[in-house]
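Next, two complexes with subunit A in common: one pairs it with subunit B, the other with subunit C.
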Partner chain A sequence: MKLKKFGAGVLAMAMAASMMVGCGETAPATTEAPAETPATEAPATTEATTEAAATEEAPAAEAKSIEATEITFWHAMNGNLETVLTQITDEFNANNEYGIKVTLVNQGAYGDLQTKLQASAAADALPDLAQAYNNWLTPYIDKVVKLDDFVATDFDNWDDIVSAYRDECSEFGFIHAVPYNKSTYVLFYNKTMFDELGIEVPQTWADVEAAAKTVMDSKNIAFIGYDDLAGAVEASLHQNGSDYVDATGALFNDEKGLETCEYLSNLYNNGYARLVGEDGYFSNVLSNQMIASYIGSSAGVSYIKAEGWDLGVAPIPGNVAKAANMAGTNIVMFSQDSNKQLAAWEYLKYITSTDAVVEWAVGTGYLPIRTSAYETDAYKAYMDENVCAKACYEQSKDFFFSPTFDASNDIRSTVPSTVEQLVYDKADAQKWLDTIVEAINAQY
Partner chain B sequence: MDKKSAKGYLYLLPSMIIMICFTIYPLIRAIVMSFLGDYSIINGSYKSIGFDNYKALFADPDFAMSLKNTTIYVVCVVPVSIMLSLIIAVLINSCKKTKALFQTIYFLPYVTSVIAIGIVWRWMFNSNYGLINFMLGLIGIEPIQWLNLPQYAMPALIIFAIWKSMAFNILIFLAGLQTIPEDLYRAARIDSTPKFRVFTKITVPQLAPMIVYSSVIGMIGAFKVYNEVFSLFQGKAGPANKAMTIVYYIYDKFYNSYKYGVAAAGSVVLFIIILIFTRVQLRVTGGNKK
Partner chain C sequence: MNNKRNIGNIIGTVLKFAVLILGSVFTILPFVWMISSSLKTPSELVAIPPALFPETPQWVNYKEAWAAAPFARYFVNTLIVTLCTTCGVLVTTVLSAFAFSRLNFPGKKTVFSLFLATLMIPGEMLIITNYETIIKLKWIDSYKAMIVPWISSAFYIYLLTRFFMQVPESLYLAAKVDKCSDFKYMIKIMVPMNKSAIFSIAILNIISSWNAFLWPLLVTNSQEMRVLSNGLVRFQTEAGSSTELIMAASCMLVMPIIIIYLFLRKYIIEGVTRSGLKG
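Right, the complex of A and B next:
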């Protein structure tokens, strides 16, 4: 049903176009590739190479020959992140022996990229490579190329990849992605204020409560905030030894869940924690010294302006267990053509090699995806100077990721507004538990 | 079909093709989609045919809230904006020297991006540093947490939207004012009619077609409000989603929840609402007599 598909595509595009008018203006939503890509034109026409490669051999054969081709890579890296990505890609384009040319296409922010990918999936016009979160992929997971064979036959040590990332990239029962720009949630705090009030960096929930009381008594401001409320609920449950959700529903309607809700509701009801509200992100609030600390993505560190005070970064506090949210996207492959798949794989191998990973991590502040990258002198030197990188590394054994299933997107969007309402209502722990469980279970 | 009208249709053809591809066809598809349960836009599969999406839609408290919010929005924004615009247009028109200047100033919001305006208004609404709370402070009103508390989300949005929508109305009314014959005003002056009576008995009746036009266009636009919410609340639907509107709901269901059928059903409901309101409005104002 070609026509049907075309129709769906047009519809999606039209809806995207008509509804995104507003958003397009915020992000640098250029759909054009950066102009800097070197002029190594693909010599043969793609048509011809496609034909040849398709009949030639299976993707992961021993003796490989890749025809020169062009690969498009959709990403949402902006500012300095884009500069570093372009640099690494230029190196690949200039040095690879096959004449593969990777074209980077900036799609704006994550939300824009997600929308564009979805519309393109409907129109059957997906790029060769794209950054993506697992939960974006559920509607079109069958269009994602399975990478198991590539990894098994032609990858330098998959076991070197941090295990939590490997698990995340095989969540759908096969390897659907390679991890790339990974970050984690850490505790950012005002070190100057902590020192002044004699507060130690909190390790446990009890520490958080004690420190929050000190700050409230002397400064009358909140101690902690969470950029991601759904992530906060999920991490807190794990920290209390409880599960969050799975494909059947909420898993914490019990004593442990109630304890977790007690902790969170007490923080908010006592004014120890606050919502971000009009400030948008807690990096602004911390920068203005209107809060003592917050938990947010390590990738947001550059937005904190520590003027007149020192920034401290620490692993996030736990309770009976430690648990830290993972964030950041992975790279998925959509090419249906076997030559393009091989070419795209060459690129993925290159940018996930230890050297390129270190270059990326040091240049952007994202976390290395390889254990061996942590061992390099370059990254060790970087960690010595960078408190944020160090804190991330310290909690890397405690990483967990949010599971993806049919209702997971709805849960992610429902929980934050539910929690906000509970905070406004100054609800007690039991009300928190009942309301959140009910809101989650209503999504199935 | 004679030769002359054939030529006419030929000229219409390009825009007709575009209309059919990008308006009529998606419209029909959306209606079809709204009756398909668990529809997937990716491969066109569905699990059932019927009213499942509509049932889900009307069972969803978020949709009920978005309907309520949108109705409040339309009822507040459209009449207030038209009344204020009318007054401002008459004032601008009455002072010939500064007319061009003020015309430009009041039209600026129309040509400025909603997102940019949203950023400015976010600052004006800021609870600590905002201009609005500062002015309220001058007359002894405590600072209002405009963008932080759910109960102020809709009022903030409405104030923002009224200001935003005035630009277009003022332009229309200013154009309309030029067409009112000077004789009428001269006659009124001879009878030394009070200014207010001149306004209600000459200006308003003479501007009636423009007012009808503005209210119809304004109302359709107001039912489709999305950009204003997006820009004022930084991509969210306000604190605890309390400023959720119908289009925001549709967008969220389509792009974030992948509930394509429910999103389509929502858009059909919105379509019907707008259709009914426009019919009623035209009948009440007698705008469809011609």
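Right, the complex of A and C next:
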């Protein structure tokens, strides 16, 4: 009896303690999406292959009589991004001739949206439209509406969409999405510090090493950091002419892979590069002038507070080739009702029209998804004012996206912690290569 | 001799206070840090070396955080959900704990084992099935969806059953001799005797309900139905977060919990410590 009582007491205390510390139902860390999922290089087939998607396609343009209906659109746009999205959506709701009303539903951050989509797919309660990364979709790709017919019959020039985005949106063998809030990784740097030390913006790995040495010698701080370590490994491999992963495993266990690891490990072991630590993003570290530059998403530019120094933004350095991660979600359609599909398509056409794209890009800092949008006076004027937009545009020809397959999500969450451990251990290049390859292959 | 004892006493007291002060500093520091961060500018936040207090308090952070989402509405929702789930939990827990500890009915042990067995299922696994149920019931975007699944807890029932079992059987029998009904016995004897345990359960439930994030996010869609914790993600995007605003919003979020604690701390401390030291 005593034991029982004591047991109950201990349990009560343990529970009290655990609840006080980290209470509530938070999403399990494993299901959380990586902050930014740059996406692929996989073969892009624009033609529809029928076996992959089970969803019926609605007849598009011929008989266009759409009944007034309500469309729900789940998104993860917060703050100013949500304001601009709401504004564009309100314009559509007020002006469309069919009485279509699009309701925006904010589902928190990307991780929350991903969790909710997955749960809703299991419960057959998906919304009509939702933002999504390709690697979220694999478990329920059969519920995604194929958009090939819509694009073929009722879309103003699919070829006007930036080609890397088109490839990404047809990764599964059919058009499963339209690109929307796209960003890319760029090099943010302290221009004042660069000028003071006479450093040119680095174009190549060798430039990075030389500039890093100068900064280390005179300021004793790191030169570069990466917000996304998995993205850094992937981009560096591409920059060295190597492949990263595919559905069978790691593809860089060779000389080029070793060279890449040598570059990265030397950066860290010499103190030229550093980890971000608890802050999570280098925007704070750069703001505070504790680092000379970092590579991160162009969408993060508003978090850099350049007080007492000038911010510079440049395309990310390459080696034998240039390669830049792209990031940001696309919009997928889930509605099964043909009238709703038509209505949702009207909305998608509207928000991806050149004018709306420019409004979105200028309002949020995301990249235009249409080449014609880059040509507009409004966007040109924006680029003249905005160094970040300019750098993104310069490297738009070098975009690549990460392929999606069963293990891709696990790889994305494994690589960063693996690299961090290697940095802590001050491991050499061979150890880097072996450990990363092993960590990746263990995910299959 | 006397002197020695005095010195010993003084050293003992000093040590005791030193440990207590150290402990309280460790406990309070995160709160102080949260409050001071909520009043800093973004660049002060990341300054090295960090300053404990901001140069000029940025009260505007609170204004900005408050304006970023309908926090007043979230607050009301959180309050409704927390109160209802806690009342629900107390009713179900007290009733079933009483049944399991005092009443005899066929299959009691089996039912109790089944209750315990549910503790072995991780909550994450239940989320999806519960969500499906809520959708089938068409409860999405309602208070029902946020409250009903959480008005009973096998763990609390188990816990309180253990407490109830410690009340001597003779009390029950004596009450029976005096023609006291089971319900009256429960209300008049069992509940007052286990006040502190019941309070602990209420407090723990209030805390977990107040901080619940994933479930309310899943079962609600409109801004009118969201709760406070959902509002916090407003300040995070894929590429960065406005820490000073998150901290300001967090301060607003935990303030009610701290106030509740200040009012009820006697019971909370009693509930947690006394029950732990019993036996």
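The rule is short, and it goes like this: the second predicted complex is superposed on the first by the 385 of 444 C-alpha atoms of A that agree within 3 Å, B and C clash if a C-alpha of one lies under 4 Å from a C-alpha of the other, contacts with A are read in each partner's own complex, and residues count from 1 in each chain.
Throughout what follows, contacts are C-beta pairs under 8 Å (C-beta built on N, C-alpha and C of every residue); 3 or more make two chains touch, one makes a residue touch a chain.
Worth saying up front: this structure is predicted, and the values here are computed from it rather than measured.
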**Prompt:** Is A:Cys392 contacted by the first partner subunit B, the second partner subunit C, both or neither?
**Reply:** neither
**Asked** Looking at the overlay, what does A:Ile291 touch: subunit B (first), subunit C (second), both, or neither?
**Response** neither
**Item:** subunit B versus subunit C as contact partner of A:Val84, first or second or both or neither
**Value:** neither
**Prompt:** A:Gly280 contacts which: subunit B (first), subunit C (second), both, neither?
**Reply:** both
**Item:** If touched residues of subunit A are counted for subunit B and for subunit C, the larger one
**Value:** C
**Asked** Thinking of the overlay built on chain A, is A:Met383 touched by subunit B (first), by subunit C (second), by both, or by neither?
**Response** neither
**Message:** According to the stated criteria, A:Asn409 is in contact with first (subunit B), second (subunit C), both, or neither; which is it?
**Reply:** first
**Message:** In the overlaid three-chain picture, which partner chain does A:Thr115 touch, first (subunit B) or second (subunit C), both, or neither?
**Reply:** both
**Which superposed partner A:Ile161 touches (first subunit B, second subunit C, both, neither)** = neither
**Request:** Across the two complexes, find the residues of subunit A that touch subunit B and also touch subunit C.
**Result:** 1, 4-5, 7-8, 10-12, 15-16, 19, 23, 25-26, 115, 122, 280
**subunit A - residues contacting subunit B, complex** = 1, 4-5, 7-8, 10-12, 14-16, 19, 21-23, 25-26, 111, 114-115, 118, 121-122, 138-140, 142-143, 275, 277-278, 280, 409-410, 413, 417-418, 420-421, 424
**Prompt:** Which positions of subunit A touch subunit C when the two form their complex?
**Reply:** 1-2, 4-13, 15-16, 19-20, 23-28, 35-36, 72, 76, 78-79, 81, 105-110, 112, 115-116, 119-120, 122-125, 183, 227, 279-281, 283-285, 287-288, 290, 296-300, 302-303, 305, 307, 327-328
**Asked** Which residues, counting only subunit C, touch subunit A once they are in their complex?
**Response** 42-43, 45-48, 68, 123-124, 127-128, 131-132, 135, 140, 155, 159, 162-163, 165-166, 197, 200, 204, 207-208, 210-215, 217-218, 221-223, 229-230, 233-243, 271-272, 275-279
**Prompt:** Which of the residues in subunit B end up touching subunit A in this complex?
**Reply:** 21-22, 25-26, 29-30, 33, 40-44, 113-116, 122, 125-127, 145-150, 226-227, 230-231, 234-235, 237, 239-241, 247, 251-252, 254-258
